[in-house]
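Presented sequentially are two complexes of chain A, the first with chain B as partner and the second with chain C.
On to the complex of A and B.
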């Protein structure tokens, strides 16, 4: 029983950390309808930014917000210099653009800063939090709390004036233009906010594994989270993350020892496939019905 | 300088040509194809490893080359993709390379048939197929250092000698779920049966950035010792998770891919006590490293960040080229210039008790044994650096040899 509970709790916390990666993905999709396949690489860049600043001697508490500001600006620039040029192009080409950006960033980061994993010490102790016979991963616990705070902030943000504009943009670009909302600026802001979420995800995952190109591979579980939760839903990020994390922990925890391992990626893949087949808009996603 | 710039922009690097080569400039240099992965999976090691290789070749050239013949390194990136590796191999072969180092298991595997047919030498130090140690089946492939099978046996032997034997012990093999991660399994299973210990393997998905569920399982298994078999970012995660789950650092044993950068990621103090297999000495105390420092680094001829000199992966690169250059020297002595693939192969098979001036265990390569004996040692992180806790030794080579022969036989059968 303790074993099961530990798998559930640590899985849920891991899932919340996946949610942080997924949050940036949803923020961009929600405003612009673009599935950003560079989300993993952006997380990697966010982590590199924090590491770089700390390596110049800046304290961590200063490096993180400064990196968030830098990533916000980079997000704005990405929208302005890349995405805006794609207006009117087929969506598949926009998706390919983000894929190209992913490959570019994945090569550029290690290329400029060296490929060896970089340390990012948040000062979180290695000793687990022990409840009964359950060992709770302290780093994931902190990560889970940060994820909840970020997701909560995103939910609150969409109730603000700027957030309301973003919601309007996500509903209908043309109508938003008609009432005087700058759709381009709104989409740019969503890219900027995704950059901030990427810093949070990058710092937390970077502290667990070190900062290197493999952070970009967090895209895969993040995609599972957004597909399950709903690609345009902040609530979906939360619930999807919890489910993906828990299933990815519980099932391998029992099945790996029988089949010899390797089931977690299978679980993640099945979540994607089954969700698309039976509920393509996810648990909380909006089902758009179009007249053909 | 970073690895991408070195790999992509400096497509062909001439190592240290210049000062010493003047008198014999008419000689064709010996060309080594260091075609490696600077941009994908092996990036955690390839930068430092390649830097060590090139700095060593620069040292050799600065010291006059091989009887005046310079050695040139052809450096290209294949991104761990067999197709790009094949293309790079063909180009380098056209340019006259007689030795290749792909430092990538998939690329090395994809090109084994080609090197056998083209009769050029392929070195596969600490990667590639273990059964290539059988020189009769793989005459042009040279692992040169302990294969993963031999590494597993050296680690097991350390437990046998220093931890009251293996019998009755429970050993967990926690590995990345890939052919590399599963590589030590057959040898450890055979050893478990022979020595009477219990073995269970715990795979985690690639790239290993999240292993918490795996380590919950490991903790419930209550092993006496844990072998971690991964590389890159997955290794510090394994060490952290092991410690989080109450496993003493002293009971953690790693494959060769655990380096100073990993200790920095885990926390230098936290990792104190963790042991690993060591193929070469780390640090700069050995004569070759001191000469590199003096004649290459201090002279401004280094090929990368001077801080990397003496790190584990840098020194492995140095040792790999030290063996290759020794083979070339023996080949030229025995058969004269120009150096060809078959001559170089013969040179490798003449290597006897060569230890690169104390940098590595003494190796003897024969026509049958291309591994060179399979020796290594165990070192322990002491909070600041890796400290040897055993002598250079090979262990249970009968078990390893059985595996080599079975694999080689399967290769002959076309499997």
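On to the complex of A and C.
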């Protein structure tokens, strides 16, 4: 029973950290309808940025905001230079462009900075927290709290003036232009915000598993989170992350011993598949109605 | 004599609707085919075995995928899994004593049946969701292959392909394997070029343009989409089997991983969606250009023009490959086929440019 509770709690915390990666995906998709399959690589770049700044001797509390600023600008630039030209192209072009970006970044980061995993010490400590008889991974615990804070601030952000503009843009581009909202700027801002979320995800995941190219593989669970929660919903990110994390921890916890490992990817794939077959727009997503 | 449209006056619909209505194109195709047939006699084994042979086989794979993605408009990010099914089932069939010719057919059929399961998702969703669904299925197929010892031969195992013969000719030398691949790619190309002129091909195009609208004019989207997945997966399965027997000769699950699926989609897009020449050009470009450019960077570093660390050189192919995809999508979304088409149209009427219609 303790084993089960441990799996549930640690799974939920991992799931919250997945939703941090998924948050960037949703922010971009919501405003511009672009599926950013480079989300994993962007997280990797964010982690590399923090590692690079700290390796120059900057303290952590200074290098994290600085890399958030850098990633904001990089996000703006990506939107301006790459994605702006893809407006009106078929979805396969956008998907492949972001995948190409992912491949490029996966070569660039390790190529320039070395392929060996870099340690990123947040000063959290490795000893697990023990509540009752349950072991909780301390890094995951901090990560879960940061994720909750980020998702909460994203929810609050959509109530501000700029956030209202973003919601208008996500509703309808043409009507937003008509009332004087700069759609281009709103989409750019959403890319920048996604960059900031990527820094948070990169720092947390980098401290857990080291900074190297494997961070870009977070794309796959993040995709499961957004598909399950609804591809344009912030609440969906929260709930989807919790479900994906818990299922991805409970099922391998019991099944791995029987079939010999690696079932977490299978659970993630099955979540994607079953969601798409039953309710493609996810739990909280908006259903698209198509006309001829 | 340079005006290639000279003397081309079609008086019957049959000639006007031929595959290559212009004699110059026919001569070009014949010349290329002759060159391909004679290649083992004037190319060294290195070039034939490590450049031309994989290029031909991957062209066949790209053509199978472009039938689905370009002609029928169904996105597929799990095509490597389909090829893996073909490769593994052909090897197991041959090991069970089935003749190689039948094993190829069996590989195609197995791949087609499982590939139609991929198509089930296409009946429900399209666009981005179809990408995600096929991607998830790729992971599932990979996992099943790796974790079922009866298929992969145990964890981390490599399956060697048995010696086989095709129509009583033993497939043992490089030349024999080359001709096997060449025969298959010619077959696939002819099928691809001709399928567009059948009612099935036109139904596929109607589905691509708008499936609801196609349903209104009487094309059954359910049947057509499944048939598209079935046909394309059949070709992909046989290509996977030929890839295993003619090129790799020992298969591991990593040879058909998710990255290979992305590479196939990159071939199709860089070449140009839904064009036969694009399949060939895209496969060649995606396979060979990163190798060529990496060699150039290594050479420049060796003669001391640029300073590159060994670590960076190891990652240069990945960067070039990614930059290539981005560059093509930004600057020529219609791919190499469009570039080829522009050049061809220019020379078709050269030097009488004003006669271009």
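Throughout what follows, the second predicted complex is superposed on the first by the 292 of 292 C-alpha atoms of A that agree within 3 Å, B and C clash if a C-alpha of one lies under 4 Å from a C-alpha of the other, contacts with A are read in each partner's own complex, and residues count from 1 in each chain.
Methods note: a residue touches a chain if its C-beta (ideal position, glycine included) is under 8 Å from a C-beta of that chain, and two chains touch if they have at least 3 such contacts.
Remember, it's a predicted structure, so these values are computed and weren't measured experimentally.
Contacts of A:6 after superposition on the shared chain: chain B is touched, whereas chain C is not. In the superposition on chain A, A:58 makes contact with neither chain B nor chain C. Residue contacts after overlaying the shared chain place A:269 against chain C, while chain B stays out of touching range. In the superposition on chain A, A:137 contacts chain B only, with no contact to chain C.
Touch criterion met: A:110 reaches chain B and chain C at once.
Of the two partner chains placed around the shared chain by superposition, chain C is the only one that A:227 touches, whereas chain B remains out of contact. Of the two partner chains placed by superposition, A:66 touches none, neither chain B nor chain C.
In the superposed model, A:85 lies in contact with chain C only, and not with chain B. Contact with chain C, but none with chain B, is seen for A:277 once the two complexes are overlaid on the shared chain.
Touched by chain B in one complex and by chain C in the other are residues 107, 110-112, 114-115, 260, 262, 265 of chain A. On chain B, the positions that touch chain A within their shared complex are 2-5, 8, 38-39, 43-44, 46-48, 177, 201-205, 207-210, 212-214, 216-217, 219-220, 232-234, 236-237, 240-241, 243-246, 261-262, 264-265, 267, 270, 305. Residues of chain A that touch chain C in their complex: 35, 82, 85-86, 89, 91-93, 95-97, 99-108, 110-112, 114-115, 220, 223, 227, 231, 259-260, 262, 265-266, 268-270, 272-273, 276-277, 280, 290, 292.
By the touch criterion stated above, chain A contacts chain B in their complex at residues 3, 6-7, 10-11, 14, 107, 110-119, 121, 126-128, 135, 137-140, 205, 208-210, 212-215, 217-218, 248-250, 252-253, 256-257, 260-262, 264-265.
Within the complex, the chain C residues that touch chain A are 69, 75, 120-121, 124-125, 127-129, 131-133, 135-137, 139-140, 143, 146-147, 155, 210, 212-213, 216, 262, 265-266, 269, 273, 311-312, 314-326, 329-330, 333.
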